[in-house]
Each structure stands twice: as C-alpha cells, then as structure tokens.
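What follows is one structure encoded as structure tokens, with my remarks underneath.
The first chain written gets the first letter, and so on, giving A, B, C and D; residue counts start at 1 in each chain.
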Amino acid sequence: MVNVGILGATGMVGQRFIELLADHPKFEITALTASKRSAGKKYEDAVTWHLESGIPEAVQDTVVVDTDPAEVKDVEIVFSALPADTAAIVEPKFAAAGMKVASNASAMRMEPDVPLVIPEVNPEHLDLIETQQKNRGWDGFIVTNPNCSTIALVMTLKPLYDQYDIKKVYVSTMQAVSGAGYNGVPSMAILDNIVPFIGSEEEKMESETLELLGDFDGESVTPAGFSLSASCNRVPVIDGHTESVFIEMGEEFEVDDVKKSFSEFRGLPQKLGLHYAPESPVIVREEENRPQPRMDRNAGHGMAVSVGRIRRDAVFPENLKYTLVGHNTIRGAAGASILNAELINEIM
Amino acid sequence: MVNVGILGATGMVGQRFIELLADHPKFEITALTASKRSAGKKYEDAVTWHLESGIPEAVQDTVVVDTDPAEVKDVEIVFSALPADTAAIVEPKFAAAGMKVASNASAMRMEPDVPLVIPEVNPEHLDLIETQQKNRGWDGFIVTNPNCSTIALVMTLKPLYDQYDIKKVYVSTMQAVSGAGYNGVPSMAILDNIVPFIGSEEEKMESETLELLGDFDGESVTPAGFSLSASCNRVPVIDGHTESVFIEMGEEFEVDDVKKSFSEFRGLPQKLGLHYAPESPVIVREEENRPQPRMDRNAGHGMAVSVGRIRRDAVFPENLKYTLVGHNTIRGAAGASILNAELINEIM
Amino acid sequence: MVNVGILGATGMVGQRFIELLADHPKFEITALTASKRSAGKKYEDAVTWHLESGIPEAVQDTVVVDTDPAEVKDVEIVFSALPADTAAIVEPKFAAAGMKVASNASAMRMEPDVPLVIPEVNPEHLDLIETQQKNRGWDGFIVTNPNCSTIALVMTLKPLYDQYDIKKVYVSTMQAVSGAGYNGVPSMAILDNIVPFIGSEEEKMESETLELLGDFDGESVTPAGFSLSASCNRVPVIDGHTESVFIEMGEEFEVDDVKKSFSEFRGLPQKLGLHYAPESPVIVREEENRPQPRMDRNAGHGMAVSVGRIRRDAVFPENLKYTLVGHNTIRGAAGASILNAELINEIM
Amino acid sequence: MVNVGILGATGMVGQRFIELLADHPKFEITALTASKRSAGKKYEDAVTWHLESGIPEAVQDTVVVDTDPAEVKDVEIVFSALPADTAAIVEPKFAAAGMKVASNASAMRMEPDVPLVIPEVNPEHLDLIETQQKNRGWDGFIVTNPNCSTIALVMTLKPLYDQYDIKKVYVSTMQAVSGAGYNGVPSMAILDNIVPFIGSEEEKMESETLELLGDFDGESVTPAGFSLSASCNRVPVIDGHTESVFIEMGEEFEVDDVKKSFSEFRGLPQKLGLHYAPESPVIVREEENRPQPRMDRNAGHGMAVSVGRIRRDAVFPENLKYTLVGHNTIRGAAGASILNAELINEIM
C-alpha cells in the first residue's frame, strides 16, 4: 500500500477524496491537512461532513495537521483539494519536499512544465514531469487535472479528435451547485433560477481543452489546432454538469460512426485496469431525453461521461450536436486526481 | 371596447390571457371557450386556476361555451390558447365565421399566407392577411405569434440584424417548466435535474426565426439569409426562458454599439403606445451575472427581454456572445398574441 | 428460489419492486403484469423507466401479461403495486387462485381479516391469514403493508410503545413527490412551493397506526389505546418523507432512555436475518440538524428509519419531540412488501 | 413627511425596508447605515441588491454612513435590520440619542420594558414606552416586532383567543430560505432536502407568542395563559413560511364560527387606515390544497396571512387544525416594523 495524504481535507472536494480513497486497494490515507484552525483536531471534529455516505471509520480519529510538508511524514502521494491561491504557494513546497502532488487546483495547470492530464486522453503528457523536475530541481512533482466542466467535455472530444478534423466547438454548460463548494451558491441565488455566469470558468474551458488535446513532442505541448467557445451557467442541480455541444466538423462524418467512436473509446486506464477506470469512459444513451444529471451522473461510479442526443445538425449538416453529463466532483475533481495518481503509480 | 373571446380558456396560457385582458383598456372579454366537458359551467367552476393573482371577478361567472364559432356571438377578436392539433381544425372555422384570430398555437404559423408576427419585429407581415382572405375566402383571418423561445431570441436579433450582417447563430436554451403547460413536466422529472430535450422546439426556433426576420415583398416572405441552430433544455425554473447565444457576425462590430442597438431599439408598438408595449423591448443588464429568470422575467410587466453578458467572443473575435431572459407565458405566449391584436386593432 | 410476480410492474412502485428483487437471493421474478395496453410487450418496451439504476437485464425481455391470475403461471408470491381501486378487484382473484399476495395497495388494509403488517412491529398479525382463508375460502391470501408515511412513523413508535404509555401523538409530515407516482405532482405545483394537502393521507396515518400497534388475540385486532392526529404536506423533495412528531407521554421518561430504545430496537426480521432487514431498523442521529431526507433516506439501503432532534418538550416537559426520515418508496412501499414476503416465506 | 433611517440597510431585510419605504406617503428615507466597510460609499455601490424590483432611484446615490447615532442627523425614526448581537449594543444608543427605533432584531424583544408589538394584536403594549423611557432615561425608545414565524401564527391566534379559551398549541413550521438572510442557507443544504432545525427559532416562537397575547396592566405584561410547542423546519422555498397548527381548544367551537372569526378580524391598523395595513389581516382560503407559499405569500401586498384547511380534528374533536402562510420578509420582518412605526406615528 502507498501512503497518501489529502491537502485541504475538510472541504467539499477533500471529502470526496476521502470517500473515494477509503477502501482503495493501493492507496492508504495516512495524512490529512487543513488550515491552522483545524490542525490538531480529530478529523471528525474538524469537518462538517456533507456526503450521504458518512465519514469513513478509518479517518474519523485521524489528527488533522497544518498544510505544511514538514507535518506530512512518510507520504508518497498527496492529493490537493486546496483553493487556487493557496495551492500556488503550497503545492511547490510539497513537490520540493519529494512528494508526488496530484492536484485538482487550477493554480499550476497552465504552467508549461506541469502536466495537465486526463489519463484516457493524454497520458503521454506525464513525460513533462522529467522536464519539471529538472527545471525546478524538485525530487517530487506536480500533476494536475483539468477543471470539472473541461474534463467531461474533453473525454467526448478525444475519440472524435482521434478520427475527425474538428474546426470549431461551441459549448453551453449547465453546471451543478456543488462545483462552487458547499457554501458557494446560496439557495437564494439559485432556487427557481439560473445564474448565467461562473467566474473564470469559460476561460478555463477554452484554454485547458486545447492543452489536453495538444501535441506533445517530448518537451512541450502545442495546443490543439481548433478553437472552443464556452458559455457557462449555474443551475439548481446538486451534482452533475450538463453541456450542450455544437461542433463544426472539418470533414465528413456519419452519426453512427460517431456513436461507435464514443462507445468503443478506451484509454490507458482501461487497458491497465486501474481501480477507478470506468469500463466505458463514454456511455452513449439512445433515449431522446438523456443524458440527465440526476439519472446519469453516477454512471461508471461517477467516472464515466454520458452522451446523448448525438445528431447531425439539421441546419448546418456539416456540424455535429450532442449533450453530455459528467459528475463534477467525482470524474470532474477528486476522481480525476486519483486516476492520475493510479496511472503514475502504475507506470512510473 | 372591442369584444374578445378566449379559445381554450382553462389551460395555463388561457389563464394568462384572462389575467392580462382583465383590465384591458380596449378589449373586453365576452366569451370563454373550452372542451365540451366544461361547456355550460361557470368559469370559476370549470377552471383549476394556477396563477397567483386569482381569477378576475369579471369572468368568474362567465359561462364557458364549446370551442365552436356558432357558440361565440358578437365577438370581433378571439385569442387562441388551443393545443396545436385542435387549433389546426378550429381556428380556420373562426376565421371563416368572420372573426379575427390572434393565435398562440403553432398549427398555422408556417402557412405561407398566415402572418407570423412580433409587432416590434415584422409588423409589415400583417399585409399577408389580405392574401390569406383572398386565398381562403374568409371574412376573418388568422394571425400567429412565434414559439416562446423564438420570440425572446428574435427580439434581440432584430436590432442586430438591422445594423449588421449575421452569418450563423447557435443558441442553447434553458426553458422554464410553465412552457409545457401545468401538467407538462412532472416534478419527478425535473427536481435536481435537467431534461435536454423539448419536442419540436429546436425545429420551431430554427424555422420561425428566419421567417420573422425574412423579407416580405407584399405577397410572400423570403426567409432571412442566415441560419440558426438550437439545443433546447428544460430546467427547474417556474417561468422565464434563459438562452445562451453565440453569433458569427458577418462584419465588424463594437460591443458598445451592440449594447446601444439593444437599448435604443423601439418598434411600432412603442411608437403607437400600445397598451402592452414595453417601454424598452430589450433591456441591457450590465451586471456580470444577469439576466436571471427569477430576477428579470417580469421586466416590462413580462413584455421586455433582458440581455446581459454581451461580449466579444474571446476565442472567435468576430463573434458576439450574450445571454437573454424572457417571460415565456407573457411575452412568449399570451402577451404576444395580445400585442398582435392591439396592433391589428390600431392599424387595420 | 421462489417464483414471484409483480402486479402493476410499470409504475413507480412496480419499478422499485423490480430493482429490489433483481438480485434477491430467494425470490426470482418470473411474471410481470400491467394494463391490457402493455400486455404482450417486452418489459423494456412497455415501461418508461425512471430509476437511476437502469432496467435490470433479467427482466428486459420478460413479456408483460395482463393483470389476471390466469395469465400468471407457476408463481407463488405476487407483489401488488396496483392502484387502490384496481387492487380491490384484482388482489382477491389472485388470492382465490392460490397465490400469496404481498400488497402495497391501500384497498384491503383495513379489512378485519387482512393482516396489515410491518415485520419489525407486528409479525404476529400474520396469524390472521388463517382466519382470512377460512372466511373467504381462499387457498392463497393477502397481506398488506401500511402507507409510506405510516410505516416510518410506526417504526419509531413501536419501541416507545413497548416501554412507555403513550397518550397522544401529533405529527406533521413533509412528504416527497415520489409518493404520488411519477406524474402525481406537476413541477408547476411544487417548485418554490409547499402543498399542504395529500388526499386520504391523514386518514390513513390516523387509522393504520393504531391497527399496527393494536392487540391481536388470535382472531382480531383491537386498535392501540392512544390517538394520533396528522397534518400532511407535500414538499419539493424527490424521495424521503420527513415527519415532525410531538408525543404526550403517559409516564415519566428520560431522553437518553428513549434514544436507547430506538437504537437497540430489533424485530423478528433482524433475528431471522431476512435479506432486506436493516441491521438497525431505527437509527439515532445526534447532529442538531439531522435527519434530512437527501442525506438519510438511503440509510440501511433505504430500509431503516432515521430519527433525530430527540428532545424533551421545553414547554410541555411530559412530552417528547423528535423528527424522522424514511424512504417512502423503499421502506415505505416496495421494500415493505418484500420484507413481508420474506417473513412469510421464512416462517410459514 | 417624517425623516427615517435604516440601520443595516445592505442586508436582505434592509433591502426590503428600502423597497417598502421607497414610495411611502408619510416616511422619507434620509439615512442609510451599514458596517464601517461600506460607510462613505453610495448605496448602489455598497449593496449587492437581491430583490426583483431593483434599487429605488431615490436611494441609489444616498451615501451610506456608519451605524452610529452621531452619523444619523435629523432623523425621527430608525428601522433596525441589524443582526441581534449588533442590535443589542447599537439600538439603545439610538434610543438614547432621542430616536424612535422600530426594530426587527430579536435582541431587545423580551426585555420587560420594551414593547413587542403586532399592531393588529396588541397595540396597547406600546404604553410600555413610557416605562421604558423612565427606566432608562431615554428621549427616544425601542419598539420591536416578533420573529417572522411568530407573527404569522399570532395573527391567526389573536381572533381565536379573543373568542375562545385555548389550552395548548402545537405548530410545525416549513420556513423559507430568505428567513436566514441571503447567504444563510447554501443551495447544497436545501436542494431536494429539508433541514429540520433553525437555531433559536422554536424558543422564540414559544416565548414571543405568549408575550404578544399576554395581559398588559399598564406597567408590565403577563404572558397568555396557554402554552405552545414548536418544531421548525427549513424547506426549499424562497419566500413565505408555512405552518401546520394543532390547537387543543378549551371550549366548544364550530368550524364556521372560526372561519368567520378569521375573516372578520380587523385591528387598529385597519381602523386607522394605516398605509401598510392589509384590508383583511387574515384571509380564509376554502380550497382543499391552500394556502401555499408561492401562491399566497403576496396576499395583501405581503402583509396578510392566509389560512386554510381549517377543520375539526377528526381524531380529537375538541381540537382545531389549520395551515397558514405568511410572507416572512414582508409581514414577518420589514413590513412588521414599518406598520409598528406607522401606528406610533399616528397615535403618539
């Protein structure tokens, strides 16, 4: 068993890390960090737990420590659920101290020597680690996963991009409130309502997508050669982001072939049989009114993306349209970092 | 005062007609029709009233009649809140019987000799009435308004299209449950959920928009010379449709000019001072997180469309992006038909 | 394996029966019935499936038959998810044809010779079956479970009633929309709203509770010697009924003893280790803001009732107050009938 | 016109004060206070406005001052929307400085020389002001209104208590999220959920009710001679508290007489024709499924309480049961303080 720690263990994403790692066959939680205020408390006293599953017994009595590498002993991998500004300062310290940091924070994602990885999409970008360690003189390293709404989208773009030229992508999202953290969206803001704005979200989708699908020449990543424009909306849904996608394809396609590309898509995690690898990363729904967040967010234990309404655009026949749903705090956050760590643990 | 009737007066849209017409300065409700089952009952006994405002006193005791022109006496204008299949059969009978039919139903909208009109957008299409009466030998006529999600969108496209070349439009909607009628969306379907499909809605938006902005040569309408692709979603919101719009513009634009075009837009209803004409048909919101359906649906007594997040596309600089909100059962249904009737009453 | 059938297999409760029975260790689904309209179709074509779990493979191709004992061959137990009026006519026919009917319908519950049973509460009432068969000349029989809101309440009253005199109970419920069936509560009725009325619900709670806790002398049941008054409300929650309970106790009590009575409560299903018997039928929550339906409805796989805010009434110190949550379509419907059948299968 | 100020003008209740006072015929807003952080800013820059109506023009440019009597000049009445802890310190300073404080805060409500008043219920308690001024040596004074859930309840208890002996009251509430302030209830806490706990709410209802209906002998108030027990729940509703009420009556009653008592109830505000006095303070709904918060919260411009399901308890025939709805931030907060001030302005 590999000893792992969770940085920022009391927040929404921190709780998902704990839930998903509690019975993990290869990782054992041996350290939990939080802000100074919580340090020294037992985890069950430090946290206001918000998941239906309850606090796993194994961590109830774990004493929370300050988010400082000096406090985190004998740990090989740390998962970061830190807010971006803290992550920018703290994650490099953990990497410098020799730990492998699998981060869900946005702080380091666009650094040229920090791999931004979805294991099914661009595992080869992990080779950047070598450059990173050399550049920065670290024994450890940082690996990041994308933003929640980006991950779900890119998992569907990958099998398309492998087979077809893509010219332009337009995406309008309908994002669950859990994406903003437990206190992020007041009920007064969202009951019987839509909020058509999420700070920095469109920018993340528009840049991260091209990075993830970009070419890696062994030293750096050249962004993918198409462009994507996003409009991001918050909706009164607990978990599960829904996205309406419009794609201007660069070449001929048949809808049935597209469905087949989605259904048959498998990546390295599936080949390696990683613990949290969903059998089918992309699940095609044929019902006219699916996918739906409440019905489909837990597909593949929350690690698969469901796609439906796959159709040729009736107006622009060279275009493809579809709708997708992905679980934003599992596949889109904690589960993404864990799958990155599983892959690293397996191949490095 | 002009005597008016309401066809299908007990449904959701029928109730909105009654609410909006109850204190109208020019129209007086003298007839209410419903299915045979309700005929002969007092309105208050025939209806399950669902609006906060309560049943207006003036119609509580009105005896409901069958939806048959022979039962509707001394009425000049009838408003149709009928379902499409019934409307297809019944509306022509009322027109043949000499009545002016202002219809919210979709049945006759795309008939080449039936005007599909938003008074601020294409009032000149009303000249089709003459052709219609000649073609069909009717003393009366049928005028229609578009689908709820189309109206809100086209009210924002009109001032743009007047000033700029438009190449392509992509729109993803987040539509309120009231659009499906009182029993249309079960709570089991939509609580904590999104339904990414609304039957025939995308087709209506894609065809009606071009018709409304089309050229009328005095005899027929040539659809506008751009194309629009829609993805329609149902969200847990009571009233008010929200739409994310992406436009590929055919020429240079400045965002401030676009905002000015929206804000300064006025149509014939505003010039004529029609009763339900909103002072500003399109209201520009500068807050980063507006418009929102709960906050903005009642702008202009539910007759104005609110637009926000008006921005140059960061990825495709030749593109314009914005979000709009319009009240689907007022501006998008009953209010639309009434404004059509007010215009006809004023100019014909 | 015992062959079982499901009457009314396409509705909300019918679907729960299928989900819960799909991998049952002792029961095998061999017959599914529905209305004539569905008879002859494969189940997957006859049903609009609404549960997140998807249609179990084993029944996808099962051909649905008419709800008629002649169509249901070689089946020992049938579970009834029929509406009350149909159940009143059909269930006796299945019993007459020799089948054991475990019914969730209300039709026969208050018949003096039909046992109304919660296995943890009054398993001895099953002895009424003998009387029922004698009275009616049936080879089979009917056993019923109570209404969803009654079950959750009575599971908490039972351990109290075993140890204390109870004088009066007041209960105000906040019931999930799934209790009314998939189309039962329109979203227009319940978004941003409460409906303070559920047809016949208060009457059921007020009569069934006393029957369940009543004395059985081997021939008939004498209702329990206290009274209960209910007010029932519908709330915008998918699954899980919440109930605020006020009890005038007939004797001294300590809150800690009450908690202990709840926590330590075990019934016959626990002793027998029945498959769907929750380890603890009543779970005590100590957090000040629990139980909550979204967090606690799935406790004990949806078969346990969660109780919290257990406190001495600050105003009436002889009174006990608490709040409970139970899953209305699992413990309160399909799961209740299945546990009845498991008990019958074990002991008869 | 009387110059008035609002203490804590940027919060939820502060915004309601501004909305309700914007066009008031007798009061003119001349001062707005907030925390030091906002002092010196224009109101429109200091506030994040959350009401649909928009910021009234008259106050947009008003410069916000610190909540300190020295900063509030030439003001006769101040309305307090302060949090309880701040109110406890600050309100006495304003009273000492000669201002009339109409407070919605709970801090001073239960002080024996501070009147806790609903104008329709116990206007005579205002005579306590004299005692208060004498006791404390103030030129000004403090008058308070009760907690939101108490007000709605007591408005219905008053006409009953005037005519009948009441023995015991049990009430279970379903309270809107706006009662907790804009950020009070995270959407993660309440979507598809109920929270069966609101801090200090039950205690307030249980004590304030008896104070409001208590006897005033000119010097002090003797609490009413019955008792009330409350269970308070938070529900996913924006505005409008719903309450299920069970009353053990101390004498015979007829349901029709009770309805008449409710309908015919009028208080001093109605007699004096105060601006915000609803024509009927208590509105009786005869529909079996009313009152509902979304449909009835705005009755009487949010100042009336709607009552329905008025019935004799089927189980305890000496008991009365009903359900009520009142608007928690209008009648239950800002509107309550304003009506108190209107009454004081008229009679003192």
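Rule of thumb we're sticking to: contacts are C-beta pairs under 8 Å (C-beta built on N, C-alpha and C of every residue); 3 or more make two chains touch, one makes a residue touch a chain.
All of these numbers come straight from a predicted model, not from anything done at the bench.
Enquirer: For the chain pairs A-D and A-B, which is connected through the larger number of C-beta pairs in contact?
Expert: Per the contact counts, A-B leads.
Enquirer: Work out the mean Cα position per chain and let me know which chain is farthest from subunit B.
Expert: Ranked by distance of C-alpha centres from subunit B, the top chain is C.
Enquirer: Between subunit A and subunit B, what is the separation of their C-alpha centroids in Å?
Expert: The answer is 41 Å.
Enquirer: Starting from the mean Cα coordinates of subunit A and subunit D, work out the distance between those two points in Å.
Expert: Computed from C-alpha means, the inter-chain centre distance equals 47 Å.
Enquirer: Specify, in ascending order, the residues of subunit D that touch 2 or more different other chains.
Expert: 191-192, 236-238, 294-295
Enquirer: Across the complex, what residues on subunit C touch subunit A?
Expert: Residues of subunit C touching subunit A: 52, 191-192, 238, 294-295, 298.
Enquirer: Quick check: in the complex, which residue numbers of subunit A touch subunit D?
Expert: Against subunit D, subunit A makes touches at 12, 50, 177-178, 182-192, 236-238.
Enquirer: Over in the complex, which subunit B residues touch subunit A? Could you list them?
Expert: That would be residues 168, 170, 172, 174, 191-197, 202-203, 206, 227-229, 231, 233, 235-238, 242, 244, 246, 288-295, 308-309, 313-316, 319, 321, 323 of subunit B.
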